[in-house]
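Next come the structures, one after another.
Each of the next two complexes has chain A plus one more chain, namely chain B in the first and chain C in the second.
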Partner chain A sequence: MSETTVDRVARKTPARVARKVKGLSDRAIAWLFVGPTIFLLLTINIFPLIWTINLSFTNFKANRPNRAVEYIGLRNYERILGDSDIWLSMQATAHFLFWTLFFQVLIGFTLAWLINKKFKGNDLWTTIIVLPMMLSPAVVGNFWTFLYQPQIGLFNYVITFFTGADPSSFQMLGSVDLAPWSIVIVDTWMWTPFVMLICLAGLRSIPDYIYEAAEIDRASKLRQFFTITIPMVLPFLMLAVLFRGIENFKMFDLVVQLTGGGPGSTTEMASINLKREAFEKWRTGYSSAFAIILFVTVFGLASIYVKALNKVKER
Partner chain B sequence: MSYSVTDPSKRQKFIAGTLVILYALITMVPLVWIMMTSFKTPPDSISYPPKVFYQPSLEGYVNLFTTRTRVSAEKLASLPPPENFAEEIVRSRNMVIAGPSKFGGRFLNSVIIGFGSTFLSIFLGTLAAYAFSRFKIPLADDLLFFILSTRMMPPIAVAIPIFLMYRQLGLSDTHVGMILLYTAVNISLAVWLLKGFIDEIPREYEEAALIDGYTRFQAFYKVVLPQAATGIASTAIFCLIFAWNEYAFAVLLTSGTAQTAPPFIPTIIGVGGLDWPAIAAGATLFLLPVMIFTVLLRKHLLRGITFGAVRK
Partner chain C sequence: MAEVILEQLSKSFGKKHAVIDMSMTIDDGSFVVLLGPTGAGKTTTLRLISGLEKNDKGTISIDGRVVNNETPAQRDVAMVFQQYSLYPHLSVRENLSFPLRSPILKTSKADIVAKVAEVADILQISHKLDNRATELSGGEMQRVSIGRALVRDPAIYLMDEPLSSLDARLRADLRIELKRIHSELGATLLYVTHDQTEAMTMATHVGVLQEGRLVQFGTPREIYEAPASEYVASRLGSPRINLLPAELFNLSDGLTQTIGLRPEHVKFGEGQAASVKRIEHLGDHTRLHLDLNGHAITVLSPSGNPFSAGTSVNIQPLNPLCFDKDGQRIIRDSA
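Here is the complex of A and B:
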């Protein structure tokens, strides 16, 4: 290590003097360090949000920037709340949200519970299970459309193999009844590992002595499961549900690639509908109002949920 | 090995292991199928029943990296013998290579934007995390919550004004624009993760350095940074994976110069229908680095995912 002049001078000067002379004060350093981050977030996150709020009160169209912009008050919001398309997309989102969370919690917890039996090689298999969630949802979603092809797709072949149904008799992505389930299947395949990992962290946080004490008290395994395991993992599980819930409420990339919102608008999630309004129909003011409604909904639901979560933790 | 009442029995371990391995194998099928399809010829890829055994071919990869034009049989016969295997494969389909495809450039964009934004997120994130960890910052808790809450916004909600802003500033479809955008998205997670890692480093180390006459800056990069290296590395992997996989902003804000691979791969079209082997080849090349990364760095990655949950 080469010694710089600064080092040499620093060694000869008493610490307190040295800091005053050549170093900045702690407070200055603090602001110097935090400043750029805050600045970036303000310009690329907060400023756009405020701009969206502003746009939501106008009839602005981004593809016609030279047209005079009028402030139309709350009319965008009124129209959205009366728009049946928007309500349909909210229904599609709710269906997707409910079933993905249901399956991911069920399978994720079961897997975590099994992995926690600490069989040999469990960490390697855990890693393999985790792989799908690390991948690009758009690229993966695009490839699943190939697996879902009627006639030639692997998924249809497997179903045919086990049920004997004609492989061209059902279209996973093309039929109104099956498409909402097709996206649930892919999302579950992709994100169950996330719930699993968080449950696993929860299971591993339970100290052994609690079970040992329960053994001494002759509590049955089943009773231990319901009175120790479940309550101790519940806060973790709820946190996993919160993260997945927020993500799936915003769901865009995976479903856009899988179905594009179709057939018709059966799988048109809120975000896909928003993208269509904003970047295809160019109703900028209208879609800004929709964006704000979505944001407030996520934030509101998440805050209520976090309150409930804290209650569970306090118990 | 000591025996404990809480240890699962051998039989339980066996059953648990079998079920988990079964699930892991099923979950791998789509990924294995992508890689298998990338080595098929187009006819093999769409045959029924799906072919598990087939003559491997590099046609998908050749098609991924080239554009081709159809030529007449007489023209084909008049050409000099093919110079390489790619030329040979293409000619067997009555076509000649017209030039390179856009895939290489799109892949490179993913690399530039991914690493660029990761570097910037880590640079800014480490500074901010250090300041939050070590200094008294007024309203620190509020600021930290503010930083985290920006992650709850649906990307599309802020995409409209960012789109307008970028158009105004000339940042649309530029590398710099995308790097700044991904940094803004990543930095909240980076600050939170890194603050956790820096909190774990004892303050005494720096205090000793300060008494030795180091300035705050020197203490920061000579004492704290080396100690936080593992944490920084695992945070960097998360930022890189996010930027690598991102689609919504990329598809809305880029169309050419700075387009990354995720919006590009689904648009690969062959002659007469989608060229599935070429798409699969693109997907394989794009997904494989992340898979290898995940397996190699599993310890840090798995810890990072559950980090938020465990600390609370």
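Here is the complex of A and C:
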């Protein structure tokens, strides 16, 4: 009865092993367990980050490893901040980020609100709505290029069906005005279900009796929506925006599949520009500086946002 | 405040009949307690009156107006739920002022502040007004949820076992508090409980429910002294009424099957011999647990308690209640 699990394990430990761990403190054993994880994190996360910061102060080019590396101070940063191409790509990212979040929150919340109503088959509908999210971005990008095809694409056909315009009179991916919107549409199509799921979790977390209490307290449906539903779903909604925001800030795969940054550079977002600088122009030092700027931007925005999120949760 | 009348009210959920053919008049200013075990239809009755559930049959009228098709808001009722049902994202103050902020009421800001302060004072939660609802203890939460009903001046207060989750002391305090509120405000209250002490101490009228039916309605005294059936008799009284076969005391008259003996309805020194099994000293009174031919009987010992465990004592029923084979009480004229 007095024998514990620890005792049993201790008794079964082979003498050879036991001799080795004998005399180790609890703290030392804890380090033994945590050590491998810390090592992995350092080698694949922290070290590359530090190395990138280091490279960002140099004129290093990865395709010319034998050339002498010169430290050029902050010159890379100066050039980036003065580079109009970079600013255009940042604008493209901001446009994409704002509108995808706007539509995904709006449609995602509305869908969640509708699905949350008790009706027959809402589980089936949830599954159907969630499907796009389960596809690979490469596949989605690929088949949307077909859907956007002016002559045979379904998208143009549907638009002309409702507006009566000539299907080949506009090209979603080929037009300078429409291309930014075409990727907003695809990303919204693919990721709205994600926002919906999180909002749905939020809505389901509100117990019925709260609405019953509000009903008794003579709050109208509208007042219930604004004083109960919205405040109680808000933390969930903000979390969804955080996830989508970080994801879309570094959006790469869909855009490469759909427009490759074109036409011209209208859809060339920061991440695509970065890839071009780093692995087509091989300006390693320069692109390292750009990566650091992007990292700080995302990190800064996310930190401010998480603070706000915590404030909402504490209320 | 208003009078509430239920007429032949019925409600079923699928095959389960929760409330059957219930008729009851809750007078203006009365404190009615519905008593019954879990599943007797107490909560459903409250929800029907509040409008959270729609009745299948019958009518509900509040203040002379049939409200069958009205929403809870139109009915103007206040309800305290068994679970606290506070708005978790709001502070205590916001929770308390929520019902007053209803646009229908057009209460001025100053009035809201004053009313909330007053109610918080009554319920002793003034110091917690700025806490979030989720930062309170169970007792405090329930007081806030009672407070949310009290800030209003509704046609009727509906309370669904509001004290069941509180500790004994707080329960006793709030019992007195509710009784005081009732007499001071002249409020009409319908209160659901399975706790007979609450029923006895607070009610002006008690309704006893059995499987969805109202089996008896009357003052607590009537229910205690003249229960309609064995079921009702065993609902009120602590310790419970002793239900014994009539032959035990040779009281069989062909009709009486069972006799009900309240602990105080016993004469010592004559009749049948019973052995004393156990003695409970409760300070102000003493209980004897007796055994009479294999039947356990709990009685109130006479003052001074001359008995000790293991001895034998003769007992004789004093004004027993007689029940027929269906458990209905046999009412004798001028017994």
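One rule holds in what follows: the second predicted complex is superposed on the first by the 282 of 315 C-alpha atoms of A that agree within 3 Å, B and C clash if a C-alpha of one lies under 4 Å from a C-alpha of the other, contacts with A are read in each partner's own complex, and residues count from 1 in each chain.
Following the convention adopted for this analysis, contacts are C-beta pairs under 8 Å (C-beta built on N, C-alpha and C of every residue); 3 or more make two chains touch, one makes a residue touch a chain.
All figures in this text were calculated on a predicted structure; none of them were measured in a lab.
J.: Check the residue A:I80 against both partner chains and state whether it touches chain B (first), chain C (second), both, or neither.
T.: neither
J.: After the superposition on A, what does A:V195 contact: first (chain B), second (chain C), both or neither?
T.: neither
J.: Regarding the shared-chain residue A:M269, is it in contact with chain B (first), chain C (second), both, or neither?
T.: After superposition on chain A, A:M269 lies in contact with neither partner.
J.: Is A:M232 touching the first partner chain B, the second partner chain C, both, or neither of them?
T.: Second partner only.
J.: If we overlay the two complexes on their shared chain A, which of chain B and chain C does A:N45 touch? Say first, second, both or neither.
T.: In the superposed model, A:N45 contacts chain B only, not chain C.
J.: Would you check which partner chain A:F295 touches, where first means chain B only, second means chain C only, and both and neither mean what they say?
T.: In the superposition, A:F295 contacts chain B only.
J.: Kindly classify A:R218 by the partners it touches after superposition: chain B alone (first), chain C alone (second), both, or neither?
T.: So A:R218 only meets chain C here.
J.: Pick one for A:V255: touches chain B only (first), chain C only (second), both, or neither.
T.: Touch partners of A:V255: none, neither chain B nor chain C.
J.: Return first, second, both or neither, reflecting whether A:A179 touches chain B, chain C, both chains, or no partner chain.
T.: A:A179: touches no partner chain.
J.: Report the partner of chain A that touches more of its residues: chain B or chain C.
T.: B
J.: Would you tell me the residues on chain A in contact with chain B in one complex that are also in contact with chain C in the other?
T.: 212, 215
J.: If we count contacts the way the header does, which residues on chain C are in touch with chain A in the complex?
T.: So the residues of chain C touching chain A come out as 50-52, 71-73, 76-79, 81, 83, 85-89, 98-99, 102-105, 132, 145, 148.
J.: Per the contact definition, I'd like the list of chain A residues that touch chain C in the complex.
T.: 207, 209-210, 212-220, 223, 227-228, 231-232, 315
J.: In the complex, go through chain A and note every residue touching chain B.
T.: Within the complex, chain A touches chain B at residues 6-7, 10-13, 15, 18-19, 22-24, 26-27, 29-34, 36-38, 40-41, 43-49, 51-52, 55, 62, 107, 111, 114-115, 117-123, 125-132, 134-140, 142-144, 146-147, 149, 151-154, 157, 167, 189, 194, 197-198, 200-202, 205, 208, 211-212, 215, 236, 239-240, 243, 246, 249-250, 252-253, 256-257, 271, 274-275, 278-279, 284, 287-288, 291-292, 294-295, 298-299, 302.
J.: Once bound in the complex, which stretches of chain B touch chain A?
T.: Those in contact with chain A are residues 4-6, 8, 12-14, 16-17, 19-21, 23-24, 27-31, 33-34, 37, 46-50, 124-125, 127-128, 130-132, 135-137, 143, 146-147, 149-150, 152-165, 180-181, 183-184, 187-188, 191, 210-218, 241, 244-248, 251-252, 261-263, 265-266, 276, 279-280, 282-283, 286-287, 290-291, 293-295, 298, 301-302, 305-306, 308-310, 312.
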